[in-house]
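Before we start, here is the structure in question, set down as structure tokens.
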Amino acid sequence: MTSVHPDFRGVVPPLVTPLNEDGSFDRDSYKRLIDKLIDAGCHGLFVLGSSGEVVFSTDARRKEIIEAAIEFNAGRVPVIVGCIDTETNRVIEHAKVAKELGADAIVVTAPFYALQGMEEVERHFRLIHEAVDLPLFAYDIPVCVHTKLPHSLLVKLGTEGVLAGVKDSSGDDVSFRFLVQDNERAGHPLTILTGHEVVVDGAYLSGADGCVPGLGNIDPEGYVRQWNAYQAGDWDTVKSEQDRLADIMRIVFAPTDLQGFGAGVGSFKTALMLQGVFNSNTMPAPVRTQSGDAVDKIAEILRANNVL
Amino acid sequence: MTSVHPDFRGVVPPLVTPLNEDGSFDRDSYKRLIDKLIDAGCHGLFVLGSSGEVVFSTDARRKEIIEAAIEFNAGRVPVIVGCIDTETNRVIEHAKVAKELGADAIVVTAPFYALQGMEEVERHFRLIHEAVDLPLFAYDIPVCVHTKLPHSLLVKLGTEGVLAGVKDSSGDDVSFRFLVQDNERAGHPLTILTGHEVVVDGAYLSGADGCVPGLGNIDPEGYVRQWNAYQAGDWDTVKSEQDRLADIMRIVFAPTDLQGFGAGVGSFKTALMLQGVFNSNTMPAPVRTQSGDAVDKIAEILRANNVL
Amino acid sequence: MTSVHPDFRGVVPPLVTPLNEDGSFDRDSYKRLIDKLIDAGCHGLFVLGSSGEVVFSTDARRKEIIEAAIEFNAGRVPVIVGCIDTETNRVIEHAKVAKELGADAIVVTAPFYALQGMEEVERHFRLIHEAVDLPLFAYDIPVCVHTKLPHSLLVKLGTEGVLAGVKDSSGDDVSFRFLVQDNERAGHPLTILTGHEVVVDGAYLSGADGCVPGLGNIDPEGYVRQWNAYQAGDWDTVKSEQDRLADIMRIVFAPTDLQGFGAGVGSFKTALMLQGVFNSNTMPAPVRTQSGDAVDKIAEILRANNVL
Amino acid sequence: MTSVHPDFRGVVPPLVTPLNEDGSFDRDSYKRLIDKLIDAGCHGLFVLGSSGEVVFSTDARRKEIIEAAIEFNAGRVPVIVGCIDTETNRVIEHAKVAKELGADAIVVTAPFYALQGMEEVERHFRLIHEAVDLPLFAYDIPVCVHTKLPHSLLVKLGTEGVLAGVKDSSGDDVSFRFLVQDNERAGHPLTILTGHEVVVDGAYLSGADGCVPGLGNIDPEGYVRQWNAYQAGDWDTVKSEQDRLADIMRIVFAPTDLQGFGAGVGSFKTALMLQGVFNSNTMPAPVRTQSGDAVDKIAEILRANNVL
């Protein structure tokens, strides 16, 4: 298994963004999170991903977050920055800022909101690649952008040097298998990372180059142990670590009166607060912050799995 | 039929945005378009709607467009500005800019990209209303944001003074009927505009307060005649104008190799170029600009309907 | 407005199917319903439509229902029979039974369950037309079969004599407008009926040949008065009847703990029971039968609109 | 890993149904297929699944197929029969026929076509279980029925003895992981089989009890070797067999002018014809039978993988 971009392989958690109770960005908590992740052996940081509340963040806030990530990382691991916005020109603006602030790579989705064809999607990635000289990851996340990136298009753009990698949150493990196979045959131009923290083991069996697990904010050690086992060919450990991590993931079912982002990322924030990493589990507007029973249930799950 | 916001009733076309061939904003063409619409008797201008390429426009571009609209309109009719972005805080930023530049009202969709529940959608509108003192229209466009706004929620927010109106592009004429009925019974707090240029007559039968027809860029006189007939209770004219306008709308089927925004708004731009209103039919990245057969077919349709 | 199949124009309610409390077919109630509809002036009967619980009915039950409809109708108005099933050969079986039992026309959806392309959909209608010599209506109901029938395909099949008509429950009023226009230009080969009982007025403005309103089971007189006004060009009455009917339609919101078929058709059955037409509002397995508050609320709505 | 229904574990291919060129059922080819599968070591036969063209088959045809399967199997392995139809009573009819003809278990989807809530889905399975005394598998196939079965509901119905197992074709590997975990904790009441032939290895890592691979019709030996490796804990072989099988699966991309069932099951039929198992690759109406380039390309892929 060789790769043109070996630097982005391994466990690359998408950082959850801590907020103070007044909604401002909490730099101290962010520093603690970054140190926690790197100390645990993570191989990179993915900043401003979907769970990093990129679409909730104004341009000024995005800049604050990137600056803090670059500063606190201090060159220890690669920093990949999500440049998520509706259409090409808006994405290019974010990408230029990310480059200026020191990002090592950028992550971009298909265009969204306006209806388009695959021809436009392809041109979108080409134009961004031409405009900004940084390794470009395609972020395949149809649940948010309502376009599935075909594996054949991804490998074509990888072979031509437009894309450096793929962050797959498509939920389509069949397509993922074909993507990895096609990429292998093309000489492995793409670094392929899975975003599905509950089935990273299956993605590794398929040949993934790494993972971007939201749950990695809570238990980075687990994902690092799993990665090391994967590298060593120890599939039993890959599986048993996954079973344990899947168990911790049940924190997202704790709040019964929230759904989507408020349940998922909300539970990650609550867990990080309980772990003493975040000062607060405050959510960005318009999402309600978790409280009461959900918090107790999350604490119980964390304790039962020895991550509290 | 009385309304708290009578100023926004009538024909309010969503302005298509002209670009120069290099992608820059073409102010001269925009001036011609605005004069054309107001001269035809339109009752308001909707700037930076979906067909006004709001999601393709950077913040600087959005500002350019709003400034030009305010300047060229010169106070003749109300100017409604689309503040379309993913989540609350980003929308509030756009809304504050719109207010500062002189907008008379703002239009806002449900949050998109991140998955949420209806509780968050409701809070989203409340927070924007609290943050920016301008009449607030809810933009119901599930095909783009993947959330349908329930008519009961809209009327509730209207009654409480959070919403001033609704721009309905939901494609759900059943729900539209219930919305209008409920609004009437609540004392008509909402000004309800339909965005479906092909069936404005049906929306008028349901009791709509006006329309926001993309095709109004091409034939504003038709929609104004239809509105006047509606006000006079002359349903036969309402229908016959609609039949004619539906015919012109077939320009969007002219390009056989484009879909979505490139076919729809692309054909509007081509028509405006053929009419001499726009200098160019250039589309924003990553959308391909129409050429060849599609242009000829559009010219033919316009000519057959006496709008060229 | 001329039509190859004038017999199917007008108000053609989709008959709700009465069940005894043990789930057996209640012939007596069915006779009362058929007499009620024909006495009110309805122009045809649509038997075994979606709201006639066709997909809940075994083949034996379907036969019972068709036989009863033919017998009780006694040749007074045309009887159109829904032959709804997954794929071509199964549909043809139902169609042959319908013909044998005396149906005047059959109604068929696109194939469903198996994934297919539009080529297969077209062949499906052609094969059914070849196999059974009865006027064939295409039933456009994407919410159930997850395929939208393109208006161009429908008019093509009408022109070739494959289709005699369309029952449109697509919820797409824009496409409906184009369908009616194209049909008109092709010489009106198709009889086009709308299934959207809440916006029949808009469909009439678009030029529909009639309606298939589920709510017509409850208030057929209203739809017949509306039809007569439409024929006389009296649009104000068309609209005012519709406003009243839309009000009655709110019975479907009465049950707060049911959704889909149980709320919609369930409320029709409850209303028919309250009106003394049906002995029971029993629903087919696995749907729960309405009771309690919902029944009271429905009675109240019926009374407020003078249909109880 | 223990199971209440050990008989249904392992490799249980969903049999493709051979047709003669006139569309009649080809018993001889079916016999060859069954012998091929059992000789290869398959542990069971799944008759009349989605790829066994159950929804294309009339009741008479379904009976023919079940009878042939029971006869040709001659008691060698368990025979599971798909009883796929729209709603409860229709399913129960099929289930009674299946039992009478000698099925060992039945497979049932959520109700489809009519819109419903989860309460009805649950009652559907309960009523079928009460009506027919055979082990009942829930078939989770949202792409066809547009309802996803929640893992919590499945485990609850397993624990209560309503369901004996699950055939998962949901494409949701995250939910699958939770299903397997919950089932394990509940004492393994359900036999859980995956239908995703391209990622069976990942499902085995998650703890699946077996697979129902359509591609198993073409290369049953591969899936049996993989199963044996799984039982032996030899994950490298589990993975390498899967990589090879995923390669063969690319036959479904061979026809470029077909989609869905015509491409997928069509390619399986073509492969079986090329292998000499089927006399013909004839498809059921309204699906077009493959020919020309697609056949050549499929032959090439089979040859390259030593299954021709």
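For clarity, chains are labelled A, B, C and D in written order, and residue numbers in each chain start from 1.
Please note the rule applied: contacts are C-beta pairs under 8 Å (C-beta built on N, C-alpha and C of every residue); 3 or more make two chains touch, one makes a residue touch a chain.
Just so it is clear, the structure is predicted and the values come from calculations on it, not from any experiment.
S.K.: Show which chains lie in contact with subunit A and also with subunit D.
M.R.: Neighbours common to subunit A and subunit D are absent.
S.K.: Does the subunit C and subunit D pair touch with the same residues on each side or with different residues, judged by whether over half of the numbers are shared?
M.R.: Copies use mostly the same positions to touch.
S.K.: From subunit B, which chain is the farthest off, judged by mean CA positions?
M.R.: D
S.K.: If you average the CA atoms of subunit B and of subunit C, how far apart do the two points sit, in angstrom?
M.R.: 35
S.K.: Give, as an integer number of Å, the spacing between the C-alpha centres of subunit D and subunit B.
M.R.: 49
S.K.: Using the touch rule from the top of the page, what residues of subunit C touch 2 or more other chains?
M.R.: Within subunit C, no residue contacts more than one other chain.
S.K.: So, with touch as defined above, which chain pairs make the list?
M.R.: A-B, A-D, B-C, C-D
S.K.: Along subunit B, where are the residues that touch subunit C in the complex?
M.R.: Touching subunit C: residues 171-174, 176-178, 181, 196, 198-199, 201-203, 205-206, 233, 235-236, 238-239, 242-243, 246-247, 250 of subunit B.
S.K.: Provide the residue numbers of subunit D that touch subunit C in the complex, in ascending order.
M.R.: Its residues touching subunit C are 50, 53, 55-59, 61, 84-90, 93, 111-117, 119-121, 123-124, 127, 143-146, 258-262, 284-288.
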